[in-house]
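In the two complexes that follow, subunit A is the common piece, with subunit B as its partner first and subunit C second.
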Partner chain A sequence: MPIARFKVVLLGEGRVGKTSILLRYVKGERVPAYSDRQVSTLQASYLDKRLSLRAGQSASLSIWDTAGQERFHALGPIYYRDADGALLVYDITDFESFQKVRKWVRELRQIVGQEIAITIAGNKVDLESSRAVPEAEALDYAASVGATHVYTSAKLNKGLEDAFAELSERMATRRNETRGPGAAGLPGAKRSSISIVDDPVAPKKKDSCC
Partner chain B sequence: FAKLLGADEVDMDALRSLAWNGVPGPRRSDVWRFLLGVLAPSAGDRAARLEDARAAYRAAVVAVLVDVPASERSAEDQQTLRQILVDAPRTCPGVPLFCHDRVQALIVNVLYAWAVAHPRSGYVQGMNDLLAVLLVVLVNNDVPWDGSDAQLLGRDASALSDAELDDVAADAYGMLTSLLGGLEDHYTHRQPGLQKTIEDVDGLLRRVDADLHKHLDDVGVLLLQVTFRWINCLLTRELPMKALIRLWDTCLAEPDGFSSFFPYVCAAFLCHFSETIRNMESEDVHLFLQTLPTADWGNDEIETLLSEAYILSTLFQNAPSHLQHEPDDISPFGPTWEEAG
Partner chain C sequence: LATDVINKSKLREVASRGLSESSPLRPLVWRLLLEYLPSDRREWVSHVRCQRALYHQFVREFTICESGHSIWAQADHEVASRASVVMDIYQGPMTTHQSSMWTQKQHDYVLRKEIHKDIMRTHPDHHFFEGGTLRRQSMERILFIYAKLNPGVRYVQGMNEVLGTIFYVLASDSNEEWGANAEPDAFFCFTNIMAEMRDVYIHSLDNSDAGLSGKMSRLNALLQQHDPELWRHLDKNQLDPSYYSLRWITTLLAREFTLIDTIRLWDTILSEISRVDFLCHFCLTMILAQRETLLAGDFSFCLYLLQNYPASDPNVLLKQTHILQRPNANDYRLISNTWWT
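Then we have the complex of A and B:
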């Protein structure tokens, strides 16, 4: 069975833990010691990961870890415009980082459309006692935009495998729905549906609060 | 160098041509401060001007940071300070010199004072890496540079008095201001100066290593993706400290070196790995270029790189059109170099 390739982009405010999540997920325990002082990511960096889907198929994720700082966001589209999935990360102890997630959802829906699979990850659950983002608000918001919400801790290596596995299942399902079974495995195949953003709920330009 | 620097009026042209070939470690702090205009060429008013600049820096820190309660800071300034506070501990993480509390405070002060004084670009991630290089040079002004990177990076900041560290901060601020002065467009909205440099590298690569250029095209790797960090951080993330500092000797000696000469350096650097890259698929190209095998690089490798860059610059600098795109060129940024939100 051919390997299904998916492109995934990690987005979120600076220092919410995107790079730590990715390094922990891709390299696992080979990361000798978790470091809470990861150098900042400039623009974007790349990693890949193989995993098995429930249907027995193998998937290969090409994951782009993007920079958190606003200045670099003009470059964002080259990383997410043909992405199959996005992991939007916030820090549960930082409400502002959760507000940024809303901005990313709007941007993705506007530019990529409805077909990108989105997972919202509340990171740093090891700091639960300092939580600043109400759980109900996060879960309601995720449901309202058709995203899955998960909790993760890069530090404790918690929730990461599950988050990517679940996201991969959704990406595979979506691809099979839009292109039919069999087409999913074509390496390097790009979805042709990027321009078909005619969903009436997609925010238009006038929604310029960001 | 001793003779040049000891003159009543330092001959800057002579200093530039000497520094181009590398500066001895213990002289570097002085030479870089001359090249970046922190030390005046004329010995007569050098001390007074240095003291004025240091006093101005100290006053600026008080004015923007100490005297301003958090509640009176604009939302934008708060965001800037927040970003700098996040990045200060992430500057060369784990390096003893930068872990010191007073050095952390210094990094925050210098970056924030600079950002407030330069609202057009403000603070952009990666500037902290540039500052780190300047600090390594400044605090190692009195030691032989024959040891390892670890020795330079392991300087014990607690051995410096508060007054000494204040002077380091002020001089670093002056150097950073001068360094970034020629590069402001690298860091403003959409980073046009940085885009221009990438276009220059693209034009050069097309001419000097067409096979590599074509291979990157074929596997869908954009120069923007692989050289962005090189240009945003002036190669600080790609090279070990001493090798990087040797590279900077030349870039600082060259007039406007980081804008005029730097594209040649980047092109030569990329070509250096041409054969390896041409045997790689897209994913491997990205992974390879993110963690280049340069950990063992020293002066020899850098000087080879600089000669290659120099040859490119002499081949092409009299043909200004070489850097321009042909009409049918596709921008390395693709059609989506657009504001997204």
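Then we have the complex of A and C:
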């Protein structure tokens, strides 16, 4: 079975832990010493990660880490435009960082649309005692925008594997849905998508159907 | 330096070759290169007195609250809770004055928090910054005051790195009196370097020649001109120059090398008449120095290499840059034959 490739982008306010999440998830315990003071990310960077999906298929994630500060948002679209999924990160001890997540959801829905799979991650759960974002509010919000909500701690390496695995499953499902029966090769599927291919005004062969 | 009137072009020439690693003269030389100190030594005493007094006036004006305390004297959560108390009190209709006062306070708080987060992670593993609470407070104050005085630029990530290099050099002065005044002096040196650099920090200028994209395009054009083969390779692999050169340009390379090497590099950059142009050529040298490795790599390999630049001798790269800047240097082979094989 061919490897499914997905692009994932990490977004969120400055210092919520995006870079730490990426390094921890991709490099795991090989990160020599977790640093509470990860230097700030000024330009996007990226790492690859392989994982297995439930259906036995292999997936390869290209995960883009982005700069958090507003100033660099103008560069955002080049990273998320063609993304299959987004991990929107906030810091559970910082309410404003959660407000920023709402902004990102609006922007993604506006520019990328409904296709992008979104996970909202409340990071730094190791600092639970200083929580500033009410749990119910975060969960309700995520549900209201069709996103999955997870808790993570890059410091303790908690919740990261699960978060990316679940996000990958959704990205795979969505891709199969949008590629439709042609790609999956299932007989008797919805005719409507086939009729689009047959449509005389769109004679161009679609790559995704091969 | 011993003469009454210092010859700046001579000074530039000497400093450009690099001062020794722990030269006691560097803090003074940088103050001169950054136009903080006038060429005439006899004016120094009165000049620095005036400037430092001016800085302390800014500190009083922007960072002391009504109660007479420094806004840094309160812990973060206190400020936050106090802010919400103020909110509660003013639930009723606010006068225009009250409302603008409140908005101001809120903005200052957000700004201060933003700066604080980044100062805490400026050279986080370096002993000078790691243990120095007072030093970090000084740097936060400098950036805060700069942002207040330049609302069109405000604070942008990356400025912390630029200031970090300057502050480290000035605060490490072996002369106690000068070292003790590192904060006001670094503020003016930082302001002067920003006068030249700030366009890359201003969002609305991004797409102009002066702004960030303009600088990155300039580097891209230089690469295309000097090494078309490598340029095609990176272009084919969709390695947009903004992926690696944004940080190089906004921080004046303060994040790519060790602090010691960055300082050596800055001896030269600060001595240049056209710093930004030199910077672009230096970035070009960095790319060319890795040409063979890059040509053999794919997108992710090249991106990783350029974002995590291999440890290199700044002196060698600087020499190559000077060769590249010569008018007839339009071929990478000229450099490769001279400096590396």
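Observations
To be clear about the criterion, the second predicted complex is superposed on the first by the 179 of 210 C-alpha atoms of A that agree within 3 Å, B and C clash if a C-alpha of one lies under 4 Å from a C-alpha of the other, contacts with A are read in each partner's own complex, and residues count from 1 in each chain.
In this text, a contact is a pair of C-beta atoms (placed from the backbone, for glycine too) under 8 Å apart; a residue touches a chain by one contact, two chains touch by 3 or more.
Just so it is clear, the structure is predicted and the values come from calculations on it, not from any experiment.
Because the two structures share subunit A, they can be overlaid on it, and in that overlay subunit B clashes with subunit C. Of the two partners subunit B and subunit C, it is B that touches the larger number of subunit A residues.
In the superposition on chain A, contact of A:43 is made with both subunit B and subunit C. In the superposition on chain A, A:77 makes contact with subunit B only, not with subunit C.
Once the two complexes are overlaid on the shared chain, A:136 sits clear of subunit B and of subunit C alike. Between subunit C and subunit B, the overlap after aligning on chain A sits in one stretch of 1-9, 73-81 or 91-99, namely 1-9. The interface of subunit A with subunit B overlaps its interface with subunit C at residues 14-15, 35, 37-40, 42-48, 62, 67-69, 71-72, 74-75, 78.
The touching residues of subunit A, counted against subunit B in their complex, run 14-15, 35, 37-40, 42-48, 62, 67-69, 71-78, 81, 103, 106-107, 110-111, 208, 210. Those residues of subunit A that touch subunit C in the complex are listed here as 14-15, 35, 37-40, 42-48, 62, 67-69, 71-72, 74-75, 78, 96. Residues of subunit C that touch subunit A in their complex: 110, 114, 117-118, 120-122, 124-125, 156-158, 160, 201, 203, 206, 240, 242-244, 246-247, 250-251, 255, 300, 303-304, 307. For subunit B in complex with subunit A, the touching residues are 83, 86-87, 89-90, 92-94, 122, 124-126, 128, 187, 189-191, 222, 224-225, 228-229, 232-233, 237, 283, 286-287, 290, 333-334, 336-341.
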